[in-house]
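Note that the chains take the letters A, B, C and D in the order they are written out, and that residue 1 is the start of every chain.
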């Protein structure tokens, strides 16, 4: 049994709490910390397990010798410093994405992990989604031959408000970062170069906040494949999350999930349900499964499926994408690291 | 080149005229006969081929020595006598379904064909439909193993008017007769017994005319498989024509055809097009293809794909179905022939 | 919080244990009883919650005043007597299907419930499946108008062994009973009459045990609709669980669920995943959801969604189906009750 | 009745001959010209209509006063000069795509059309395909709101041989040119800028011939939408021809057509048919329909659906795409015209 502390009890902290209690049988939540911990949150946590301790100070978790691992679900700017503190305290770390928007900060985490026996996993949960996993499995099993074209459609049902946009790091680091990870996962290699064609078509406020809301992003992969991501901040029919890999031996592609397979035929056509609304509906199982793999890596002393370098790479891709928009040209990923 | 005469220039006569001219390259229409031949029909025929001769008297076709084959598209009650006359005149015969509602009349056609070299084909066009053909091919190739359950859905978009119903022979001989043929085609054997559960749910006028408009028909097949047909005279979403064969090795099933594969996703769901509206839209190619096979059988002196016995069997099944409704019990097909 | 005791720790008892612990937040399992309780089962139960008590004697549960409700998961022949004991002990009862194969025994349960305030629910879990629920919701919302034809496909991936078959009550009471309930659920009314065409096509041993393994079952419903169920004990592609309701205003139909939506296109065709393997894979969520509704009925003092009469009706339909096979004729449900 | 002459009796000339004879009732083919006219081709033509005249010299067609219109199906380098001759001879012109690879040559055709009453249509047949037409209709009817992202997948089943590649003008002018036209059709506006990421992944010989065989092409459209085309010269599963338009109000998307809707479920999965093999299988109806529209424009003295400017624009896009590959940067379409 692995004892864990959860740092941050906001939306994603609650997702992991619920996921662990209902589906990660080898882990036990001992403490949840949040600077804004209140009665309501405490009651919610205790309703799941009355033995959970709560605190406003995450350092209590780091100081608790009975706790083996921490789940960092706090605000993005605290991910890298708390990661480093946790590593120094000898706790295994599951850190929500992104580790940081600043490459230097991520390098500090990499540095802290050197010569450490701590397990580190980054929260790119979509790799654990049943559909994306099936695509990756087909590619890895050689069922479509050598990959030539990788396509990801990733569209949110509702745009964030412009105030959030201003502090989010921009669409590429906030939203597309998942797709950048997915491209690496599906291709089985890194990207060399990125080109972005983007626009503000959904909400002018997003443009005024200095960001874009619609984009087609082309990537050249190290294995020669070409990848393309299309993003929109607003798909009125719901969360559109599809992938397609085309190769020398065929193609594998997914559709969206919906609440049921029921289809109604009438005078107006043949109508099925919309895609599941958003990430909580679509990806709940994947949050549980990534955590199971993290706990399993601790128990069996194996590598986590998504290490710190997997946390760094999508950030580099996101920064290259931003540069591509600013300079209106293809940008090599290697330009970012310098 | 096979010279043909068409007897009957109503809807189905026109369908075959157009099918032959645009798609049956080995056949040439010499004459079209119809007791109600008028200027409009003549003009329509000549617009396709100005050399087509027209007449009100089908006997001119039978007397024309240059004509090799006749296509009988006249009213149902004339199918068997004209078949017999044509056979005696040495013309190959393509006869629209059903040969007759009266088994004795069909037996007379069978008798006339004895010791004759005339080719005889019945117009169960659905066997030539791309979807049903694919199902049959899969079954015949053993792809689903030994058939266990055969399911046919056959629903019209609009009910006939009750006046037609009264003279049609009833739903089983008018509409289901195609499905009875399809069951034989897909199973690759005959039916032994039929049970019908039917109702008048679409149009009370149909009930007043002594017929039903909704039915589920269960058949025991000679190979041990169980078949089930569900019929409705009115599917508001269009012509519903599907088949499924389930067996020891798997299942083959079809969907409906539609005008395009376009699917619209919006707040209301994910909506594709309705099935093609009715038999002219769905089965046009099959009318051409059955005719190509008929002409090919003449040219190559081979058996037609659907001989006179194939015309008899569905009529027996339809009569057994009527008896099942009347007596509310399963009826053996062998009860009808006596 | 509702305290529950589980009687029977076999497969379905474990399903409910897991479902309650991970997804029924208003219920707490206090005790699990099984005459064959052993160390392995006890360890499994404690791994979920170390406070669960275990016993070999279900009477301990009935005697425990802190327990509000029992979940009866014991062998079928004990369902009705334990139900009656539990009712007398004032415990709310969730009873797995079927209550009994013997109508008289079910009547005794009905009698015991008279003047009792006990909640009673029968375990027809498929009503809580997302797909079947969506079909029922569409029908109930009038989206397909008045129902005319109801079709259920229900095929298992593997036949039971003939030894089980001999004691199971036969396919209609063991397997089809779920479909009989589903027909009532989808139609929103009872069946009047049943006709069965059945065969032994999967396993001769099943025939030797006096049962059938393949059937097409036609039902006349009280609202005039015709229903048809097709069953097979062996679908090599997995658990085939579909429903279709056709009516005056359209049709609603479901497809099977599969592990992912991934589709591979190659030289051999366009291939998606098989249906989920069997009921544990397909219906796990429905077991949890039926239990939530049971607990909710207790907490809010409302009717359970599936009362004792809903447990009786499918048994009557199953017995009528057996009689239809024996006498090879349509059988009225009302013939059974006499 | 419009009398036509066909110039060029190669593959596409034969496609148009067959399409006109079987499906363009207002047109009559008088003469077919081909410098390599031989007995076999003549016999094939006469088998369709024994009155068709054949010649090796297309000038006979231009000199025949009874001929109203010409269909130019000769080799690409003759399209523009024969177009100009035909225009001067007062013949309406249907010209296969592309008019020319050289913008100056197209300008000469544009010049020749000035002050002429001749109808001119370019052969971008895919606009007349049922699926693409349904997508355009949905966009034009506002069903998906304002277009934001336009996606076209266009993959051939087999690569051309490198010898052909060397004279074809390259993939962008030979194959993608159809997709460039489709982007304009679906967006309802012109492209402003193009960026190409391309590779040689299918056949090294294509690379040695100076061309690419795999590409992802991003376009900025005048209405603000972003378009993306993905091309491959070899999809092992057949001709992959899909479109998707995503907008403020929803999405419309198509699937491929196949020979039937039959799907086989067995131990290996749920398998449907591959897409139709290549353009003759997929687009035969569209070749007939574009011709009907051309003939109709002549008869009714209306604009053709695809004028000479529609022939020019995709060539400009193709040349910009080539420049984007050469200079590895986004290229404005306006850079090409200078």
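The definition used in the following text is that contacts are C-beta pairs under 8 Å (C-beta built on N, C-alpha and C of every residue); 3 or more make two chains touch, one makes a residue touch a chain.
Nothing here was measured: the structure is a model prediction, and the numbers come from that model.
Here the chain-to-chain distance from subunit A to subunit C, counted in touching steps, is 1. Of the two interfaces, C-D and A-D, the higher number of touching C-beta pairs belongs to A-D. Using the mean of the Cα atoms as each chain's centre, the chain most removed from subunit C is D.
A straight line joining the Cα centres of subunit A and subunit D is 42 Å long. Our note on geometry: subunit C versus subunit D, Cα centroid distance of 58 Å, whole angstroms.
Of all residues in subunit C, those touching 2 or more other chains are 235-237, 240, 249-251, 265-267, 273, listed in ascending order. Residues of subunit B that touch subunit D in their complex: 22-23, 25, 47-48, 130-131, 133-135, 138, 143-144, 249-257, 259-267, 273.
For subunit C in complex with subunit B, the residues that touch the partner chain are 145-146, 148-149, 151, 155, 195, 197-199, 201-202, 214-216, 218-220, 224-228, 230, 232, 234-237, 240, 246, 248-251, 328-330.
Residues of subunit B that touch subunit A in their complex: 235-237, 240, 258, 265-275.
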